[in-house]
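Below is one structure, written out as structure tokens, with a few remarks after it.
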Amino acid sequence: MELKGIYAPIPTPFYPDGAIAWEALDRNLEKWLSSPLQGLVVGGSNGEFPSLSFAERAELTARVTSRTKGKLPVVMGVHCPSLSETLELCRAASDAGADAVLALPPHYYKGQNTVETLRTYFWKLADGSPVPVVLYNMPANTGFNLTAEHVREISTHPAIIGIKDTSGDIVQISRLCFEAREGFSVFVGSGGFFLPGLAVGCTGGTLALANLLPEACSRLMSLFLEGRIDEARKIQHRVLRLNHAVTKGYGIPGLKAALDAIGLYGGPCRLPLPELGPKNRQEVIQLLEETNLLEKEVWR
Amino acid sequence: MELKGIYAPIPTPFYPDGAIAWEALDRNLEKWLSSPLQGLVVGGSNGEFPSLSFAERAELTARVTSRTKGKLPVVMGVHCPSLSETLELCRAASDAGADAVLALPPHYYKGQNTVETLRTYFWKLADGSPVPVVLYNMPANTGFNLTAEHVREISTHPAIIGIKDTSGDIVQISRLCFEAREGFSVFVGSGGFFLPGLAVGCTGGTLALANLLPEACSRLMSLFLEGRIDEARKIQHRVLRLNHAVTKGYGIPGLKAALDAIGLYGGPCRLPLPELGPKNRQEVIQLLEETNLLEKEVWR
Amino acid sequence: MELKGIYAPIPTPFYPDGAIAWEALDRNLEKWLSSPLQGLVVGGSNGEFPSLSFAERAELTARVTSRTKGKLPVVMGVHCPSLSETLELCRAASDAGADAVLALPPHYYKGQNTVETLRTYFWKLADGSPVPVVLYNMPANTGFNLTAEHVREISTHPAIIGIKDTSGDIVQISRLCFEAREGFSVFVGSGGFFLPGLAVGCTGGTLALANLLPEACSRLMSLFLEGRIDEARKIQHRVLRLNHAVTKGYGIPGLKAALDAIGLYGGPCRLPLPELGPKNRQEVIQLLEETNLLEKEVWR
Amino acid sequence: MELKGIYAPIPTPFYPDGAIAWEALDRNLEKWLSSPLQGLVVGGSNGEFPSLSFAERAELTARVTSRTKGKLPVVMGVHCPSLSETLELCRAASDAGADAVLALPPHYYKGQNTVETLRTYFWKLADGSPVPVVLYNMPANTGFNLTAEHVREISTHPAIIGIKDTSGDIVQISRLCFEAREGFSVFVGSGGFFLPGLAVGCTGGTLALANLLPEACSRLMSLFLEGRIDEARKIQHRVLRLNHAVTKGYGIPGLKAALDAIGLYGGPCRLPLPELGPKNRQEVIQLLEETNLLEKEVWR
């Protein structure tokens, strides 16, 4: 398996009572599967994994793979507080049909994280997981940055096939690309720096934005690959504010509000994520309109 | 229940194969119960809670309460990634005989934490927990600071009886003490600022150091209460470096090395915590000797 | 010279056109000299030193010493971007009658600050200054923290007689007090942690708050020295919010608004410091009233 | 004047006694003027401006313009602690023949920096300066980040013609490019993210690296403009480690060691910058060799 192209880290749809909205998930998947998306991430940060039970995480992946039917790769987020639970979830991911797992570094005792313990941790995961492991650097949420030095030591394991870096540190991402061994892919972790990430050598991205604008993300990447940077940049610029709103700005509540606005199912979040007030919801809709890209999206 | 005096946040003893060393726990408890400690915290940060299973966390508390037999209060750490699991663990804590639970704020989506969601989160815990809730501010590990403003809004719930603040921000701790409603206690979260914490109004502390030096911690507090600040300060100063080594410096591996050195069971940590190398271990022993306090401790 | 008791870091009064209001300074000094203040700092952070010319800084000190007439020590802030200018200002300080100088670490190339270069820098200052040097740790403004390790290496020079630490890191301040050589004093740098600073061994403080409440600050310290901590704490608690408003909250504009409110001359700041709007000004007045301490101050 | 292409922020050469090495400067300039560099920055961060006197800063610029003779634009760093001195230096810059000035935001009272005070500050500079103003964002040194929101408000003044952003925050740089008014240029501030900076819309860069590798930097930019991103990326990757060594890693001492190694004059720094030890100096030489680009540089 090789990480390439545009992956959507899909949110988990909930009913107002907190139950998973399975049919809404199916309908969303139908749309995403008719788009140029090249992969899906289930139970990642945008999937609200900390608010899901162990069983729900596996079940969600099973439902998604039952719909994707192998047409595109499905990556499952497996982070649990302990290594043993994470390993168990790797096995459940494989049973549920996931093609790879996405794994955060341990981060509660971040002050004690050494390159040795990180390597040991990830190698145990890679040894024990039936499917390949993708590293997941998400410092805004974990408070810990997996550096290029860390990754150089960890990534020599053949079952560790790539990293999704959400740090936004473009020099770090450049170093990751430069130092990556053959077969190790670096993935952009946010639509805010998709173009510069591609410029420094990323092979694609896992972008919250791709849930909303798969066509635009795909077009940006195609233009880039054809060397038409000026046109790619125009798309990148146009999505900056919307991307901010559905990531750092309003987070998953913002993303779900945007999904609601374009006719997919967003719905509420589980606690502790807040509900988006009407004013912010209006702003998200406004930003969607400003992109001028939605009209070309398949679901409009 | 009122938080007062010196609590030890006890580490969880493991065998080299990672299994819990139950007998070692019993022997440690025997020592701690013969000391001036006024309370125990089980399954907190020093207890390596992220590396424990749900069942182990409850079982550890049950074992401890079977030994303490109500002689002193036992507080159980209950943080889980999701609210629903945390609530379940509150009930398990009560079943296991805990007198209160210690609860971190949600912190994965830290960028979306508002005072409203924090209040909703903790009030749901307080409503659902059969035993009182103690807030737990631990920014070095969570990457999120529970501010005095947050606490003012959260702490109006009568079942939320106090906070352990490990931030070391003494102005924040002063504000917490100043603004605390009747019946809400502020606890110092580290031996590095025990005396200044008492000075600004804390009623005690949950100190990793108290696992090692319960007599010294207790004496410091008594001297303080008698207004003999100069003598209290001498103890505070003398333990600064040792405290650093067993908290920020070497973390739980340092604390366990120190326990080994004084004749209690420290033992290894579970992954991802590193093992302490021989040189650092020697430094911890050296720091223990420098305190000049151990000779008066009961286990020497 | 020994650092002891309560120093006021006096603001520099300006007319609306930006000129120094010399007569207003004289009137303020008259008040401060009739208070229990034990020292003055001129041209420090509260004195807006970055907005003063070299000549103004020396002239201000000369004006102050012409009024204090040796009744209390006057310390002059001497930080300039370059070492050579700072040394020159040390000589000007001495000529102007200052008893000591207050010197920040170099901080523009903070990434290159090593303990060796810091020691070399401060020893050159101490060798070249006709009057003793007080270290000044002010990380909120400089973005660089002078650690206890740094200070241990720097402070062996006999002409370096103390430090004002504004970091608020009470463990660091404890270590500074513990490790201080005979004759090296540690001064609290903000009224927000005056009591805990005293508790861990500081000999006094340079407090913006002392410009407003010299009596209250002095009483807090006396109560502390008598071991009447509960009463000292009450004062500490009561000034927390006001102290915040005139330091981190609204800065020097807040301090000057408060001076205006109590009948001293505050006046406007030089650019780039903002003017305080009427609403914030009202809040400062409100906080002054809340302290319940002003009625006992000499100037009301 | 329009900011475009590659500028070198030249270091100030000193003799071991600290005096400016004027002839060495001339020889360096001769080399740089025979290279593809399109502009020079004098008395910027790499020019050790905080260690230069007011007179030296102007004199350096005059010397440089007497050599460049208008062949390429010369930008002078003018930051002083106070606005009035900075304004005076703007006038001196113009007298010395500078084409524009580079101005940091005020940053000592960073906690009080509002968009209004920043705008007022920079507009006063722009009104008073005889030559255009370039904003300079350098958070690693100032501890303050000039955000895209700030710049949007400040940059409406017609005499403010661009910004050099050294933050490395590629999303912020993208927003700056997206929101820039006609005639306002965004310049990359470090060779570590030159390619991604160009990708998102920068018109060039002021790169410490350009002092060493003007040909390589120029080639990278040409390749980029021709849409040959893969080749441009190869150069970007190859210089990553060297760039780090002469910026964040070893700073100006590293840059000067590299200049020494390639036959230009680097020489020592003024205090408080440290001297580079022999081991680190060797590493810098090693990194120069690893780039494989130097052989094509004019001075080898």
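Per-chain residue numbering starts at 1, and chain names A, B, C and D are given in the order in which the chains are listed.
In this section, contacts are C-beta pairs under 8 Å (C-beta built on N, C-alpha and C of every residue); 3 or more make two chains touch, one makes a residue touch a chain.
Just so it is clear, the model here is predicted, and its values are computed rather than measured.
*Asks:* Give me the set of chains touching subunit A intersected with the set touching subunit B.
*Replies:* Correct list: empty, since no chain touches both.
*Asks:* Treat each pair of touching chains as one step and give the shortest count from subunit A to subunit C.
*Replies:* The fewest steps needed to get from subunit A to subunit C is 2.
*Asks:* Fitting the CA atoms of subunit A to subunit D, what rotation angle results, rounded to the nearest 5 degrees?
*Replies:* 180
*Asks:* Please tell me whether the contact surfaces of subunit B and subunit C are same or different in residue numbering, using the over-half criterion.
*Replies:* Answer same: the two copies use largely identical residue numbers here.
*Asks:* Indicate the whole-number Å distance between the mean C-alpha point of subunit C and the mean C-alpha point of subunit D.
*Replies:* Inter-chain centre distance comes to 35 Å.
*Asks:* Please compute the C-alpha centroid of subunit B, do the same for subunit D, then give the distance between them in whole Å.
*Replies:* 50
*Asks:* For subunit A, jot down the residues that touch at least 2 other chains.
*Replies:* If we look for residues of subunit A contacting two or more partner chains, we find none.
*Asks:* So in the complex, which bits of subunit B are touching subunit C?
*Replies:* 168-171, 174-175, 177-178, 190, 192-193, 195-201, 224, 227-229, 233, 236-237, 240, 244
*Asks:* Would you mind writing out the residues of subunit D in touch with subunit C in their complex?
*Replies:* 45, 49-53, 80-85, 106, 108-114, 116-118, 120-121, 124, 140-144, 248, 250-253, 270-274
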